[in-house]
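Structure provided below as structure tokens; questions to follow.
Residue numbering begins at 1 within each chain, and the chains themselves are lettered A, B, C and D in the order written.
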Amino acid sequence: MGDRATTALREAVWRANQAIVEAGLVTLSFGNASGVDRERGVMVIKPSGVPYDELRPALMAVVALDDGRVLEGDLRPSSDTPTHLELYRGSPGIGGVVHTHSTAATAWAQARRSIPPFGTTHADHFHGAIPVTRLLTKAEVAGDYEAATGSVIVAALESGGFEALEMPAVLVASHGPFTWGPDPGAAVDNAIALEAVAAMASRTLELDPDAQPMTDYLLERHYRRKHGAGAYYGQGR
Amino acid sequence: MGDRATTALREAVWRANQAIVEAGLVTLSFGNASGVDRERGVMVIKPSGVPYDELRPALMAVVALDDGRVLEGDLRPSSDTPTHLELYRGSPGIGGVVHTHSTAATAWAQARRSIPPFGTTHADHFHGAIPVTRLLTKAEVAGDYEAATGSVIVAALESGGFEALEMPAVLVASHGPFTWGPDPGAAVDNAIALEAVAAMASRTLELDPDAQPMTDYLLERHYRRKHGAGAYYGQGR
Amino acid sequence: MGDRATTALREAVWRANQAIVEAGLVTLSFGNASGVDRERGVMVIKPSGVPYDELRPALMAVVALDDGRVLEGDLRPSSDTPTHLELYRGSPGIGGVVHTHSTAATAWAQARRSIPPFGTTHADHFHGAIPVTRLLTKAEVAGDYEAATGSVIVAALESGGFEALEMPAVLVASHGPFTWGPDPGAAVDNAIALEAVAAMASRTLELDPDAQPMTDYLLERHYRRKHGAGAYYGQGR
Amino acid sequence: MGDRATTALREAVWRANQAIVEAGLVTLSFGNASGVDRERGVMVIKPSGVPYDELRPALMAVVALDDGRVLEGDLRPSSDTPTHLELYRGSPGIGGVVHTHSTAATAWAQARRSIPPFGTTHADHFHGAIPVTRLLTKAEVAGDYEAATGSVIVAALESGGFEALEMPAVLVASHGPFTWGPDPGAAVDNAIALEAVAAMASRTLELDPDAQPMTDYLLERHYRRKHGAGAYYGQGR
């Protein structure tokens, strides 16, 4: 460890943790971002309860992907570490995870409603309605609670028939959103997009409580503008 | 091309793209502004998917007004380019176009409701209810989708009996707002005014779901304070 | 004119115009502040349609309180000048007036509802429900429209049995708020307080559409903490 | 007095008063923070009606905890001083108190509704529904009004069966929130958390007017992650 590859990942994870604060998604210390290096079998994550302005790349916690034991650093990793680990293990394609309690998305999580795809902002990022998990049972909460949170997220993706990268967000019921992507920066972008989409969807329902989702063919077209073989958005980089 | 006139237009279009970000109308890269030089037959527009803070006037894409072929620059123009072209072709008076997914206006677009003129802020900019387009058909979305988006905007203006400059905004159903004006800066001002008007209109309906539009004569008076031969707002510059 | 007293008033009015922008009450150029020097019979007001960042004290327009003729300066005064004049003439105690289209207050004006006193934030500034004017008639709008706007504000105060300084805000139906105070700075504070009170009142009704106003005796107590002979808030300066 | 211990408390109270402004919880001068030194029997609090940007540690008012007489300083203490004193006397464990009129929390206070625990953001800070006080009687308002406000807060905690530190916030009906904590900084954090929780709860009810609180066992688990003997959040500092 402690070598160049881990240094780059610490830097990326630190930057992602700063980015969610700058984007206004974090109040106090309710949020954390992580990244993974699957070859080395390590996950880097924010330390628990440290104020954002005291964070530095060197303070990021490094844990083993397989069993979560701390590999480097003196600080305890985020208490949500087992949730992040569960997501990396359950979804081989993802490289970064972000958790926030951003206002609009958390309101949907608290209302236990999935977010319908009302427009192209949604379709540019999420390939269908954004799922909400089932409630955790008393036994799950009493046991390895944070790992169980990861499991119900993976289960929500599966019930929806989604691969993790085509639906890079799930709302945890009575809690808040988790997002992910190929790397920590993409997970941040999806957290920002989710908050925007959640806010717009709430306001759409205020204007029409029976508002209908966009047509399937428009959803498909917009999602495919940005994702997959036929994508034509951006500079093809 | 590449001469002084295009340089000025690139600069104006670049400034308009910055202005919509500074005004808080853009999340991530959901937005673009363009300008036209009808004499030379060129449109200048933001390149596709480039982060706003990396933009410079020299990176703006220059395309032909008639067929959209790229005339200058190495970057692919915005994927919304055919929509902008359709608007310039369908509305001879306009010189700048702005597209955003600003929150309040997009909610109206997603709810597929036109925005009633509830007060003088509205009447100072828009000469009646702000139209929403019809939904695109499956064939339109499967075909030249972005051009079809431009066509339904022009059609919405026509059904409303509006000339483009007296109704410088249309909401695209399940998508978001487009605005325009005599030049790119005026298109930005109309995008800002639209978002303010949309937010106020939502809050008006929260306070009274049966709120009535302003009287026709007050709408007319306020619109005419700022527009046309009898205008007496501003310094007459 | 042009002497020291007018210089101080220009400065105060300029500062008030900056303050409403800094407080987030102004979008584009929808807003203006004025001040009066009753001894000299002059009113100083923002010039019409000049961007806020180009304003300087020397650009403020100086008009006669009696007939509104321009006394100093090359710029046309705000098109709302006759409204301000009407307010100073109808309410001898006031020394500054502010007009904005701030979002929450304008929503109430557009819904044509007076704002009930739901709590002490309201009672600290406004001695009862904040009135909304009647609609202007077709004849009033066709005639001296801006002066008529001032008259219905004064009439709304009178129907409510209010002196201007105990109810330093009125909502003009289908338009937006006007506020005032002993000087331009106090008028700004009342514009800020009004926007806060309007936003809180909307949210209160979202939580309970039948929410009841505060008790009369609590309203009275809070208003009297800050106003009149028994006031004990602040440093008694 | 005037010695090192009071100096540190003045500094902490001054910082807390700045922090509530920086966190966006204060409009104009609607807010105040205090701290206590129980050994010396003194409370330090913001002076009344002084603009926040003129405050300095040396201007903080120092009063006696037992009878509220001014011990140091030339400025009158906040008019809410008797409320703060009542809270310190009624709740021996608390070391700092914050009062604001923050928008979302005040809306709940004005609607006279307690805030249900809809999710983990709530449970991380508040051990159950956040109580709202009863209305003050006419006699209480006519008498020692500010002290009575403190008494109904303490009574609301008692009816809920709460110790002050496990429920560090109460909404005063028709007024706004008070929060507290072991020290002034913790009281500020609870004021920030309360506003976030109040805003999320309002939006949750917009999405589902019959939204159900979180399960008791999830509330308990999250509260205990951060509080008490079994806490495992943070660095155990």
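To be clear about the criterion, a residue touches a chain if its C-beta (ideal position, glycine included) is under 8 Å from a C-beta of that chain, and two chains touch if they have at least 3 such contacts.
Only a predicted model underlies this, so the values are computations on that prediction, with no experimental measurement involved.
**Q** Suppose chain centres are the mean of their C-alpha atoms. Which chain sits farthest from chain B?
**A** D
**Q** Between chain B and chain D, tell me the centre distance in angstrom, where each centre is the average of that chain's C-alpha atoms.
**A** About 47 Å separates the centre of chain B from that of chain D.
**Q** With chain centres taken as the means of their Cα atoms, state the distance from chain C to chain D in Å.
**A** Comparing mean C-alpha positions, chain D is 33 Å from chain C.
**Q** Hunt down the residues of chain D that sit against at least two other chains at once, touch-wise.
**A** 206
**Q** Mapping chain-to-chain touches, which pattern fits: line, ring, star, complete or other?
**A** It is a ring, because the chains touch in a row that closes back on itself.
**Q** Along chain D, where are the residues that touch chain C in the complex?
**A** 27-28, 30, 47-50, 75-76, 79, 101, 103-104, 106-113, 135-136, 138, 141-142, 145, 174-176, 202, 205-206
**Q** Applying the document's contact rule, which stretches of chain B touch chain C when the two form their complex?
**A** Touch list, chain B to chain C: 118-121, 124, 189, 192-193, 196, 199-201, 203-204, 206-208, 211, 214-215, 217-218, 221, 225, 232-236.
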